[in-house]
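Some notes on the structure that comes next.
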Amino acid sequence: MSLLDIRAISVRFGGVHALEQVTMNLNPGEILGLIGPNGAGKTTMLRVITGVVKANHGEVQLEGELLNTLPIHVRVRKGLGCAQQLVRPFREMTLAENVALAAGAKHTQYPWQSLFRVERMEALRESRNWLAKVGIEDAADSYPEAVPLGYLKRMEVARALAIRPRMLLLDEPLAGLNQAEATTFADILFELNRQGQAILLIEHNLAEVRRICSRLVVLDNGRKIAEGSPETVLKQSSVQEAYIGQGNLNAEN
Amino acid sequence: MLYLELFIQGLLQGSIYALIAVGLTLVYGLLRILHVAHAGLYTLGGYFGVLVFNSTGSLALGGVVAMLGVGVIGVIIYRLCYEPILNQPPYVPLIASIGLFIAMEELYRILFGSYGVTYTNPPLQKMMPLGGLYLRQGEWVTMLASIVLIGGLAWLSRRTRLGLAWRATVTDPQMAESFGIDPIRVRYLNFFIGSILAGAAGMIVGILNNLVEPTMGSVPSYKALAIIVLGGLGSVRGTLVAALALGVVESFGTIYLGAVLNRDAIAFVFLILVLMVRPQGMFRGV
Amino acid sequence: MGYEISLLTAMLISIIGSLSLNLITGFCGQVSLGHVAFVGIGAYTASLLTKATTPFFAALVAGMLLAGIFGVFVGLASLRVRHDFLAITTMGVNFVFLGVVRQQDWLGGELGVSSIPDPGLGKLGFLALVFGCVVLVVLLSMQIRRSWMGYVFEAISGDEDTARMLGLDVSRYKLIAFALGTSLAGLAGGLYAHHVRFIYPDSFAFVESITILAMVVVGGNGSIWGVMLASALLSLLPQWFQFIDDYKLLLYGGLLFAVMRFSPGGLAGFAQRWFPQSQKSFTLEVDK
């Protein structure tokens, strides 16, 4: 049974069809790459899954459970860990504290109960482990303004991991990183997946996508135009057209 | 005929609100700051107008000083008070502005006295019936001035390069900058124009009531805020509609709701009701 | 001696008021510009009840409950609107409260409620009661701050969308902040009414909301000790120096402006710059 089932999702903003009857799924243990040129609807799809955007039509199911009517925080508690395109750390907390908040999810589930829970050492310890997993434990006690973008991007992933999600939803985690940083980070994601973490990866960096994803889904102008293994998909002319039409010659790599 | 009179009075009051609120929404649209001290500039316009008239006898000069003088001070306030704290979380400029406004009112009280200043020879008080309506000259001037000033703003915004630069900066500051538009200049202009409108409103109200007193800005301060929120923060058109609507609603409301609710609270009841239905205000902002 | 006791009591009551706003604005980041309306609800409720021969403590509790209920309503409004809209809506709540209270004869109208009964504790007894309440409020604030509730409040204050993405029920937490903060404001109101024995609409004017906010902001958003210190200073200073009382508003206004312009972190922020070890740190707090 697939982990995440997306059926016939359509989203309209005013007159614009951001997504049109898109059906796709995420299987347990895979890294699914969701790719496509700018404006294809990838981020919108992510927002439909998390609940930030309401679909006009269609269903999102998590292991058979319908998510459509659930608020964002409930969906997250059911197993969605999300790292967004624009990093948003809590600026008044250190990186460790940022991640610890997520690690302590069990303490914060029932608001009135959270008043009586004070123990934070465990969550802080765990958060350092997560930061180590993404390779940035040296910055654990730094504040967001003092670390480079690459670190913040990895902190977002660590923070998403800390809630122990059934799947990771990552929106362009490699954007803004140079070649070396991108490769290192992609390796980390690959390793996480190797250890069992299912990942839905939205990404523009097709070189890394080809390397680490087990399967690809391609969107263009709100529609799904291709699906399959990276080798097959990236060879398809329709896919190449979609990217080149945007003037994006890097797709040829 | 009572309804018509109530309606006209409502529009008059609404147009004064509009003059104040438009400046406020201009600032918000550009900088996301709730410029509460704007009402202090309104009061200052009143003072400039009456003091200049009382010493020179010239209404025109009073008008010029009220508008330009307040315009310049508005820019100075931006430069000294807001510019350094633009990067802080939103409550910082908001509270700084509130503090500034309170201090301004107190300064007026200390400098010019608690009881206010009146016109030694009140101008524009004569009745001037026109088209069946019995209004004082001052009230006709109010209508005319509002139309001219706001119309002028609309013309400036749509028909001049300056207006284009302003609109570009509000929509997308970075893109505007890459077109060579200087954001600092645009901000100065923004505050200048908004403050001119406030100064004009202050002087007009000073004439209509024949009194300029230190706290005359208190009520407009919060009402203007309610108005710009109602109109959809940042939308000039929305603000205009909301201002006029509020004037009319208050006019009728005091008659019909007076037993339950104080006139000044009507603005906020109106606001809260609208926000519960449409949390972004009546019109979408910029 | 009587004058000093009275002064101290008034100062402690204003500390309760500002600590209550601190929960909403300082801890949870929800700007409330109309907080004194809840103090007013507590004051009116408690005093009308004691005038109708309800026992003092029951009246106090009733005042807290009613203030808290209205607070939850306002909290619900806060869920639909954000930031600047919220600030103005809460300002509106203050004016609507005043507008209603001014027009209703059974609430005393413009003249307010007078001859509020003496709680019968004597001046010192009453002072002790108020002091006890301050202690409780401080303990509650500290408990919130060191608990996971405080941690969540901080996150909401920083970035509520991201907080939601971490599985936090932001709406529920905000409502709790409002409920707690406003009912404590109601407590301050009930105590205030029985301290001065005479209340009227102007006691709860918008400028008082700004004063309470000034205490929170000057103290430094969230810092319990900073807020207490700022409250003490701002409430006592006008009493000590008569000439300051005439310029009280100028002082408030100028102070608010100056703090925001030059040291937005307030007294607490200022202290942190000069004494870095006093910086709030999770790891330090936990390493007991």
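Letters A, B and C mark the chains as written, and numbering starts fresh at 1 in each.
By definition in this document, contacts are C-beta pairs under 8 Å (C-beta built on N, C-alpha and C of every residue); 3 or more make two chains touch, one makes a residue touch a chain.
Just so it is clear, the model here is predicted, and its values are computed rather than measured.
Considering every other chain in turn, none proves to be in contact with both chain B and chain C.
No other pair of chains has as many C-beta pairs in contact as B-C.
When every chain is represented by the mean of its C-alpha atoms, the one lying closest to the mean of all protein C-alpha atoms is C. We define each chain's centre as the mean of its Cα atoms; on that basis chain B and chain C are separated by 31 Å.
Taking the mean of the C-alpha atoms as each chain's centre, chain A and chain B sit 47 Å apart. In this assembly, the C-alpha centroid of chain A lies 41 Å from the C-alpha centroid of chain C.
With touch defined as above, chain A holds no residue shared between interfaces to two or more other chains. Residue positions of chain C in touch with at least two other chains are not found.
Touching chain C in their complex are the following residues of chain B: 28, 32, 34, 81, 84-85, 88-96, 98-107, 110, 222, 225-226, 229, 233, 258-262, 264-269, 271-272, 275-276, 279, 281. Only residues 25, 31, 77, 80-85, 87-89, 91-93, 95-96, 98-100, 102-103, 206-207, 210, 213-214, 217, 247, 249-250, 252-261, 264 of chain C touch chain B when the two sit together in their complex. Looking at the complex, you find that chain A touches chain C at residues 50, 52, 71-73, 76-77, 82, 84, 88, 90-94, 96-97, 100-102, 104-105, 107-109, 111-112, 114-118, 120-121, 124, 141, 159, 163. Chain C makes touch with chain A in their complex at residues 143-144, 146-149, 151-152, 154-155, 158-159, 161-162, 164-170, 172-173, 176, 282-283, 286.
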